[in-house]
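Alright, structures below, take your time with them.
Heads up, the next two complexes both have chain A, just with different partners, chain B and then chain C.
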Partner chain A sequence: MPNASDILSAIQSAFPGAVTESRVESDRRLWLTVDAKKLVDITKFLRDKHGFDHYSGAAGVDRINDNLFEVTEILTSHGAHQVVVLMKVKTPRDNPSVPSLNGLYWNANWYEREAWEMFGINFEGHPGLYSLLLPDELVGAWPWRKDWKGYPDTTTGKRAVEKLATSGHTEYRFEPTIEELKAGTVHQRQKFPTFREREEMELGSDAEMIMHMGPQHAVVPGPFLLDLLLDGERVKKAFLDVGYIHKGIEKIMENRTYPQGLVYTDRMCYMASISNNEAYCGAVEKLLGVTPPERAQYIRVILAELSRIQSHLLGTGEFLTLLGSATYSPFMYMIIDREDVVSLMEAVTGARITHSFVRFGGVRNDLPDGFADQTRKVLKMVREKTTEYIDLLASDPIYQQRMEGVGVLTPGDARRLGVSGPPLRESDTPYDMRREDPILVYPDLDFNVITRTKGDSLARVEARMEEILESCHIVEQCLDQIPEGPIQEKLPKKVKPEPGEAYYRVEDPRGEMGFFVVSDGSDKPYRVKVRGPVYAYFQALPPLLEGVYVADVVAIAGSMDSCTSEVDR
Partner chain B sequence: MDLSAIIEPVSSWIDQEPLIFALIIGLIGAAIISGVINVGAMAVVWMDRKVMGDVQRRFGPARVGSRWGLLQLGADAIKLFTKEDSIPIGADKQVYVWAPIVASITTMLVAAALPFGALNIGGKEYPLVVANMDISAFYVEAALSVMTVAIFMAGFSSNNKYSLLGAFRGMARMIAYEVPMGVCVIAVAVMAHSLNLVEIVNSQSLWYAFAQPLGFLIFTVALMTDLGRVPFDQSEAEEEIIAGYTTEYGGIRWGLLYFQEYINMLLGSILLVLLFLGGWNGPNIPLLPPISPMIWFALKLIIVLEFLIWTRASLVRFRIDQVTDLGWKWMLPLSIVNLAWAAAVGLYFA
Partner chain C sequence: MVLKNYKITLKAATRDVEVTRMYPEFMMELPANERGIHELDATTCIGCGSCARICPNGCIEMVPYKYGNPLKNKKMVFPQIDFGRCMFCGLCVDDCPVSCLKMGKKVTIAGWNREDIILGPEKIAVNKFSDKEVADLAAEAARIAAEKKAAAAAAAKAKAEKAKAEKANAAKAEGGDEPKKNNKAKAKGDEA
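Coming up: the complex of A and B.
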């Protein structure tokens, strides 16, 4: 299995002079700065020759002091090896433009669109640079640039002017100043077709109609728009629009100190707040160069796995109400089971869903007295009940008929579409961060990565239930092995990492959750980029929905167990 | 008091004006029926909520009207009546307004021919039915399906895509299941040598559920489909098409449509009891001979209703194409097999 240095030397021998800077952080992390002209070639080389078939995301960074934009492409592999290549491309700030990787990786589309709308970095060769998260009228404001004034203008206190556009939307813009008018440098925003216009272009005949699922709809796990182009009951094409609850958490975190940023990670997805905490703290720990004490690592693993159990229970329960009706009873039973697990977590963290529990170099509290016994009791119950649910679903012919062979992701498709977590694993790809990029004490623990070969909705839900059993197993091992000792590494009161970059990923209940944190030496992060699993699910949803029935849309979208809040972070 | 002094003029008046007498009797009957079925359906709604609550480990209504929540539906009705009555701008107003009324009329039409039990007075059974017509079994089954017209009116007039899809689904489902349902009724009629529901009940010395189990099964499934109960509630699948054909309805208009479903559920269950479960037949209960048929009837009815509610809480929903598949490819052929069985056995039965 090649490690990071092998990959580096391979690139350097194939493309002499193309790599301007390089850093081998560990066997699994390779940081490169490459020539923008060679980016596509190097990526193609990596993809075809070295098994980098997973495009994990792209992060834009505004280096305003150097008058540069950086785009960091995160590439990794579905099992060929465990190296993560973080390839940086620099482009001048005046006319930022880098080559698009959309031709090589289908799922680069959204990541590049996001970098474009937030930073204004043009991606040459991208098929449709339209706004993704931002409303159409904000395109051209490039809000994540460091010199963006904000609404209201944070430097002058001037407020943006609200205007009712002819289309009926409210537009926000700054009136040009007199100097700008005189100099003729008033920024003209380009006009792009809106989401509605783009989808209406696809309407073929009068027999077809566009039906909205969302932003407020029973099937959506938070506000997002899923538009179905219907021919009778058949979906001909699906369109997905996100950004209804975009909170700009990444930008907010740039304006908060490192510890303050922690609470925002909870809010990205409350079902997975422990793993979001973990991912953020892990990245900052890498910057700080600290390792949490062993007991703290065990506590983190216990909580992360408990969090996985409760997330899967609620996710599956909610999914079942989508398939049946709100009256379908197993939902209630799962909620009741989840209650006990949540209470366990509450006993440790003091909070039920937004824990903010993990600290840089440790955890906040130690386990309370009697936690181990109580947990064993609850896990026994969860295990019994979950086995029962698996049996229940396996013996329900209507359920099987609804789910079997619906929304099939072939292994090739699943990798191409860039999904991770259960939907990928159930497509015969044992890709689990706990194995691929082991953190904390996961290497010492014994667990199976649940996989299936079919890749349909049935397999996804079934395997999610089995992951609960596996998580129970992990927690029980942790309870047996956990040592006594400190729970917090000594750190200075003010967290000020050295300038640098770190990428840290964990296995969220839903898949690969990565945090890319850039530090400039101050007490606030220079840039935080979140690579969430649900973002990838959403991107993969429209192709999955083509040609299915309306009722299958529910079975497919629901079986993904999504969380809009994390997409619109 | 001399009763004949009152009865004689009345009966001579009846002889002179039979039409007016029939009208008066009809009106009284209608008043009684609407009272009975509406109160009955309210009981069904209450039962639905309570049983569902039990199945799901929660209480169900427990605040209004004692700890049993008996008046919850009354509170709901007051809320619905006092809500704003809004009609969507693009709606076909006439049809939109009439759809809930057509739905109500349908249920009344069904109720008119349906026996609601019988009283045993002096060893003789008096069925409680307003219009004891000769073809009542067939009439009831036909009138039940008019409900689909109301559903289609509601869905089509709302000018809403969810409603339209819901209406289409309701229509497709109805066509696929009315036919096997009708064939099952014919099979029962063949065995009973009559289409009159009262006679069908009286002829069931052996329940038809046992005499033709296949027909019973098909009729039950078809009835659930006709009533739009889970797993056949595609026309109002809230996770796919919001509320289906009722999406654009609000206030008491929605309340009427919603309530009609429960009335239909009650009437459908009664039909099932009459056709297959021996109606009010049962051994006489000592001390209560006059109402003993009613007790048996109510007992059977509650079991059927409980079954319908239970399935709702424990099954997921079919997809619409699976439903029509099941209807055309399985139910219809099997119902014809059942008809052949009924014809063959029926020769020896009577």
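Coming up: the complex of A and C.
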């Protein structure tokens, strides 16, 4: 298997002079700064010759002091090797423009749209630069630039005009007045077709109609808009709009110190708060150059796997409710089982969902007395129950008919659409961050990566249940192997990493969760970019829904186990 | 078979498992690590305000309070926590240099007004001094402060004398025996 230095020398020999800066961080991380003109060629070379078939995301960074924008493209491979290439292109701040990689990777679309709407970086050759997370009114304000003050008044950052009403209350007005628009201090809306107008353009004959699922709908796991263009009972095309609960966590974290940023990672998706903590802390630990003690690493693994168990239990249970399993309600059974698992986590972390548990260079608390015995007891119960559920789902003909062969994601499609986690693994691609990019003590543990070949909704749910069993196995091993010792590495009182960048990824319950953290030497991160797994699921949903029956939409979308909060960060 | 579903349903219906509790009457068992309402040890708090600085929501304010240790807490300020904004992340507890702030098992914070859930040090203090102890400690602090003041005054006096002596030496501006005299002046200053 090639390592990072091999890839670097291959690029340098194929494109002499194109790489302006390079840094081999480890065998699995390669940082490059390349000439923007050669970006597409180098990426094509990496994709075709070196197996970089997974586009993992793009992060924009505003280097206001150098008058530059940087776009970091993250490229990895589905199992050909373990190298992650982080390729930087620089572009002047006055007229930012970089070539789009959308022609090479289908899933570059959303990442580039996000960089465009947040920073105003133009991507040449992108098929449709429309706003994704932001409302249409905010396009052109470029809110994540460092010199952005606020909305609507971009020079003073005044958020609203206060006026005392006759009733004695204070009224706040957000729309700029005509005078303000004329003066040019406030942001003016750019003219381009809205989401609704774009989808209505696709309407062909009178027989077709658009059906809205969401933003508030019983079957969506949070507010997002899924519009289905129906031809009879078939979905002709699906449109997806996100950003209804965009929280701007990445921007908030730029204004918080490193430890304070930790609590925001919990709230991106509370089903996976431990792995979000882990990803953020891992990235900052890389910047600080510390490694947590072994006991802390074991505790982190135990908690991460318990978190995976509870997430899968809730995700599957919720999904079965959506399918309308009225005669038996596994949701409630799974919630009962999950309570015990969550109580175990609460005994360690002190909180039930928003744990804020992982710390830079260690963990917050040690395992309490009697934790191992209690955990073994609960895991035994979980294992018995999960086996029962697997048996139950396998023996139910109604459920089987509803799920079998529905929403099939072929291996080629799954890789092309850029999904990760269970939906990718169930399409015959054993791509698991615990194997591909092993962190903590995962290399010492014995576990299987659950895969399926069919790639339909049935396989996704079934494999999720089996992952629970696998996680039980991992936790039990950890409990046997965990050594005594300290749980926290000594750190200075003030966390101030050296200037630099780090990318760290973990296996979330849903897939690849990566944190890209840029430090400028101060006590606050300069830029945090979150590469979440559900973002990729959502992007892959419209092509997956094309041509299916409208009744199967829930079975397909639900089997992905999504979380809108994480998409909208 | 579909019948299997009913079998499991029946099994679950007759299973003895506690799912719903009659909440206000029966609380669930909370672990020792629970991150509930804060508990302040006012006898050890040094009023440094590091909890207020680390709080991501800015819900901690340092307010004056009587029953602390004036020897350590010079300004006699203690954390007051606005539980309307607190998210129970526990960063304040981790950052406390003397570990005087803890999080306990109490989790009920309802109130009729917003002000009711802003709990000052008198509400969250679990360990505090009595009036007499505070008076004693205050007297002790005053004594130490007075001593320090006296020492500072003496030091200032000595410094002034030393400066005077140096000035005198400089005025003489003689080469050989000057360092000796200087030393003497220094020794004098130390004695004082």
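The rule is simple: the second predicted complex is superposed on the first by the 526 of 569 C-alpha atoms of A that agree within 3 Å, B and C clash if a C-alpha of one lies under 4 Å from a C-alpha of the other, contacts with A are read in each partner's own complex, and residues count from 1 in each chain.
Here is the rule we go by: contacts are C-beta pairs under 8 Å (C-beta built on N, C-alpha and C of every residue); 3 or more make two chains touch, one makes a residue touch a chain.
Everything numeric in this text was worked out from a predicted model, so none of it was measured.
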When the two structures are laid over each other on chain A, do chain B and chain C clash or fit? fit
Report for A:211: first if it touches chain B alone, second if chain C alone, otherwise both or neither. first
Just chain B (first), just chain C (second), both, or neither: which does A:233 touch? first
Once the structures are superposed on A, label A:333 by its partner contacts, choosing first (chain B), second (chain C), both or neither. both
What is the contact status of A:396 with respect to chain B (first) and chain C (second): first, second, both, or neither? both
Which of the two partners, first being chain B and second being chain C, lies in contact with A:37: first, second, both, or neither? neither
First (chain B), second (chain C), both or neither: which does A:321 touch? first
Have a look at where A:380 lands relative to chain B and chain C in the superposition and call it first, second, both or neither. neither
Superposed, chain B and chain C have a smallest C-alpha gap in Å of 5
Check chain A for residues that touch chain B in one structure and chain C in the other, and list them. 327-329, 332-333, 336, 396, 398
The answer for chain C against chain A in the complex is residues 1-2, 4-6, 8-9, 12, 17, 19, 30-35, 54, 56, 87-91, 94-95, 103
Contact residues on chain B for chain A in the complex? 52, 55-58, 161-162, 165, 168-169, 230-231, 233-234, 237-242, 312-322
Residue numbers of chain A touching chain C in their complex, please. 256-257, 259-260, 262-264, 266, 327-329, 332-333, 336, 339, 343, 346-351, 354, 356, 359, 364-365, 368, 388, 391-392, 395-398
Which positions of chain A touch chain B when the two form their complex? 209, 211-212, 217-219, 230, 232-233, 320-329, 332-333, 336, 396, 398-399, 401-402, 549-554
